[in-house]
Structures are given as C-alpha cells and as structure tokens.
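Written out below as structure tokens is the structure these notes cover.
Each chain gets a letter, A, B and C, in the order it is written, and its residues are counted from 1.
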C-alpha cells in the first residue's frame, strides 16, 4: 500500500507538487480572509445592538446548515473554480471568528473600558490598547475553529472545481481507485492534525494563565 | 426548484425518489445517533466519575474529530469497501467528542451545594442521581445530542459516495453530470432537515431546562 | 433525657495541626433552640454537620434520643432530621411544591393526596400563599421567600430535630429580623429541638433558649443567654457576648431580677402605680419608668402583684451582675 502511494505521488502525471500548492493556497487564503473579515465584523457589530442581533442569529443559523449544502448553494451564483470555492470557504470561516470576537468584547468588564475613557483614551486607543489584548485569547479559539473547519471542508470544494487534494479524492471515488482516494485523504488528515495542534498551542500561548477557558464546540461541519 | 416541485420525483416506487432518499437519510442519522449514544453514555458516565479517564478519552476523541470526515471515509474504503460501515463508523466517531464532553460537563458542573442538600435530606446515591444529577445534567446532554445530530445530518450525505443512498445522492450523483437543479434540491432538503431538527431539539432542550434560565445552555 | 447529646465529639482532619472540633460535650434538651455561637473557624458548622453525619466524627459519640447515631444508617438518620442552610439550596428544576415534597417522597410512606395537603399546610405555616407559590420556580422568589421554602422543606416530614446553619445569614437586616420572628412563631407551634449555627450574638440571644459558645474547636461555655451575660466563663465569652454592655444586660435580664423585696413590704399600693408584666425585660421596665415618670412599677403575674421595681433597684441589679461576673463563673465546660 505504501509503495502504491509512493508510486502515485512520484508519478509526474499526478502533479503532486502543484496539487499540494493549490490545496495550501486555497486553505491559507480562506483562513486569512475569514479571520480578517470576522474580527472586523465582530468589532463593528459590537457597537450596534441591532447589527449584533442580526449577525449573531445569522451565524447561529449557519452553524446548523450542513457545509456541503452550503457549498452547493453558492454554485449557481458563482459557478465553479477557485474563486467560488474560496468565497464559500471564507463565508464558512467567518461565523466562529465573528461570534468569539463579539462575545469576547461583550464580556469585557465595562468598568475597564470606563477607566480607559476616564484616563482620556481615544476610541481607537481603547480598541488597540485595552479591548484587543483582552479579547485576543477568545478570538484565537474562534480562529482555531474556523481554520480546522476550512481545512476539513477544502477537499469537498473539489466537487466545485477548486483543485487541490480534493481532486484525488473525488476522482478516486468516481473511478473507485482506492490508492488515489488514500493519496488525497492522507495529506488532508495530516494538515488538519497539524493545524489543530498548532492552533491549540497558539491559543494556549495567548491565554493569560488561568484566565479564560473558552472553546466553542458548537460548529457543525462536514 | 424545478426538481423539488416536480411530482415525478415523489414516486414512492422509485428508490431514488425524494421521499425514499429522505427517509434513507433519516434512518442513517437515527442509527448513527442510537449507536453513538450507546457508546457515549457509558463512556461519559465513567469519565465523569473517574477524572483520570477524561483527559485521554477526550484527547482521542479530539484527534478523531479533527480528521476531515471525507478523509476518514476514504481511509475506511480500503478496509470496508462500499458498505454501510464505511460511512457509519466515521459518523459515530465524530459524535463522540461533543457527546462525551457534554455528558461529563452536564454531570460535573452541577452546583455541589445541591448535591449536599440532597444528601442532607437523606437521599441515597440512586435517588441523588435520579432526582438531582440527571435532571440538572439533561439540558447540557441534550445540547450535545443536538449539535451531534445536526453535524451527522450534514456528514451523512457522504453515504452517497459509498453507495449507501440518502440525500447525498441528489448532490453527488448529479454534480458530475451538471444537473444543477437536482444538486440544489439536495442541498435545500439537507439544509431544511438540519434546521428543523436543530429547532426541535432546541425546543426539547428549553423544555428540559424548566425553572432555570431557558436559554442558559446552548 | 436529653434530645441530643454530644459526648467528647471530635473531628480531626488529616494534615490539620489542630482538630476542627475538639472533644465537645453538651446536651440539648427536647424542644429547645440551642445556638452554636462562634467566629468563623470555631468549628460550629462542623459540629452541626456531624449531627446528621454529613461530616463523620473522628472521636467521641453523638446521641439522639439515647441512640448513638454513629451506629445508625446515615441515610435513615438524615431523613428524620430537618436541615436548613444559608444558601437555601432549593432545586432549580423543581417547583416550590416539588421542592417541599421531595423530602417526604424520598423518605416514602406518604400518600399522594396527603402530601399535597401537607405542602399547602407548610406553605401557610411559613407565610406563603399556597395558590400563589405552589407552582412557581425558586428563581422567581426573593431570598427571604426562598428561605421560607427552605424551612418548609425541612419541616415536610415533621422531623423532631432541625439543624440550621446560619439560615438567615445571607438576608438583609430587615428580612432577617422578620424571619427570626417567624421562626419563633413557628417554633411555638411545632416545638422542635433546634441546633442553630450563628455568628451573630444578637441573633443567638434573640432565638436561643441555650447558647453554646465555641472557639477554635472547643466548647467554651453553655448556658442560657442570661447566664452567659451575667456569668461569662472567661474574657473571650465576655467580649463575644458583650457582657459589659449595659443595654444588652437590660434587654435580656427579666424584670423579676430587680424586684425590690424590701420595698414590697413597706410600699402601699395606692392604685396609681403603673404595672409591668412578669415576662418583660429590665429594659422594658426602665423605659416604662422613664415614660410614666412614676417612682415605681408593680410587677404582675396575671392578677397577682409580685412587688415593685424602681430605677434604684434596676441599677443595683445591673451593678451586682457586673461585680458577679469575675467571681462565680457558671457551667464551664472544657475551658
């Protein structure tokens, strides 16, 4: 089996290097964009209760909708290829980051912000010097959830033509070629475990000892 | 929409009709949850009782949960082929983390004062479990079951890849030949099923949480 | 026979340098409220919780109705003892009625209708309208109301003994005073033997028929409030109960202590002397004297006049009591 896999990876016809690059590219772009948008939206909605209500409930609803259904839903509008796939993955990754940013900000003791205002900080200074450092570990937990979800879903995106290891898996399923399926499943699993390990380490690093214990497991995913 | 609205697709004699695929999907989800609970409840109760067991158990469940479901199905094909276990095993393994975690949290996060009070009025350990621990833990446990069930509804679509039917058939069998209408119909049904089950279980959760803040457990 | 008897009862925790409860011996008579008074860490709660074996003694014995409870099944024991604590601990998932019923249900032997009737009776007893509160949940009640339910729950099986661990400690001053009055009112009807932990001297004096003062695990003194006031066993008790506090002495000394027997022989009742009930305190008598500007009061027990009390006789009694303190300490145990 190992030999078969090795033969598969080293066969130039299978383009292992460029497939790997495509997969990593897809994941990385989606994660970075989802985190950036999620944090920005989190800060934005925390300043307006109506926006917050809408964002929280939309995110909650998205958690219940199966990822595969979600990927398909964008298909008629965005077509196939890298762009629709990465867009779908970004939208998928936003809710956990947004929710954790928002709840993290909401749960900061009001007197701390009051004190910051009292010593004459501007709105921007309050965000960068007070709120952001306090909310960081909670955001990190959301980022971890988002990243793992994106990595886990990226192979499925091959069904809508995103490329990457998903191509091996999809092709393998349709041709019932076990080695090819495994050739896709193996690196995907390794990357998922690496991301999980790395992100949980990062989360621990950012958490002041014994201060927060927040990890949401509420995210449904495929 | 055309696909969903066409009466032709509701012919019960056709095994590939919408109702048949729908019930196939429900059956798979139901079977998964049944076996998952049979495994998770004793494991959770043990882990709640013996603290030393909790960390390794959760670590294993966490690793299993991290492996992408499609990858796990792919691994299993090499061993169990295009059979029910190939999709059933990953589905069951996936539910364990959230189920065990919530069972343990539900039982261990009970205010020790209430256990003390129960003991003080002369409850034996069985009465304490039945009248205090279980009713107080149940909302958290049901919250876990809810998340696990909704997740399972989504992942169960992979059953189609190993020829086990379900709503995934509408998606995976039609996506390759570009029948988008059927694909979208599958996605809509899948999403609707997940949302409805989510709301039903949320209702159960709130009902069980009587006397306390109705939405305190999510 | 004593209802509850502690005999050399001790609790030594592993690793602790001194015992939490150190060879405590005293009796509680049937139908009395016995206050366990002490600062935090004095061992009073530990002692209380040994009485229903939530804490197992490491030495000595505890008798209830003459039976050593250490030889009894702890679960059966707890079912016949009412237990009330400061945090109340009502079950949040049960209605008020269910919370009260649960003690009777686990003990068994109650018929359904009788139980429902009992719940209503108990709610009435603690001053909550059954129709209004039966179906509510604990979180819909105020702290004081919750503690009323806590009391009703402990009384549900009609136990002869109640253990109360600072039950009113978390309430505001006004509610606390009201609950203390309620407890006394209920106690007049039900006559339980009550062991009551408190760190509040005023509460101990107000409720206690008997007070047991504990310090660092040892029993320093037991006695009635007035015995503690007039004959404190040592400086610790004197400071704790405020034996030097004249106002408290006036408040807790019965008016009969200041009866002027000599004057009784010489004074003639001209019918204008105000009267004072025999159960009043010295403070009541003094206030009446000041208000009426009368030189003397006549103490009456029903229709019988017992004799006069004057400001001079009150003053004499207080001075005498204070001089007494150091000379003849009463009922020192383990001091």
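In the analysis below, a residue touches a chain if its C-beta (ideal position, glycine included) is under 8 Å from a C-beta of that chain, and two chains touch if they have at least 3 such contacts.
As the structure is a prediction and not an experimental result, all values here were calculated from the model.
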* Asked: Whose Cα centre is nearest the centre of all Cα atoms in view?
  -> B
* Could you compare the number of C-beta pairs in contact for A-B with that for B-C and name the larger? => A-B
* Separation of mean Cα positions, subunit C and subunit A [Å, integer] -> 63
* When the centre of a chain is set as the mean of its C-alpha atoms, what distance in Å lies between subunit A and subunit B? -> 22
* Structure fact -> Expressed in whole Å, how far the mean CA point of subunit B lies from that of subunit C is 56
* subunit C residues within the subunit B interface of the complex -> 52, 54, 75-80, 83, 85, 87, 89, 91-95, 102-103, 106-107, 137-139, 153-154
* Which residues of subunit B touch subunit A in their complex? -> 62-63, 66-72, 74-75, 77-78, 82, 97-98, 101, 147, 150-151, 153-155, 157-158, 161, 168, 171-172, 175-176, 180, 183-184, 186-188, 190-191, 194-195, 198, 218
* Asked: Of all residues in subunit A, which touch subunit B in the complex?
  -> 1, 61, 63-70, 72-73, 75-76, 148, 151-153, 155-156, 159-160, 166, 169, 172-174, 176, 178, 181-182, 184-186, 188-189, 192-193, 196, 217-218, 220-222
* Quick one: which bits of subunit B touch subunit C in the complex? Just the residue numbers, please. => 113-114, 116-124, 127, 131-132, 135-136, 209-213
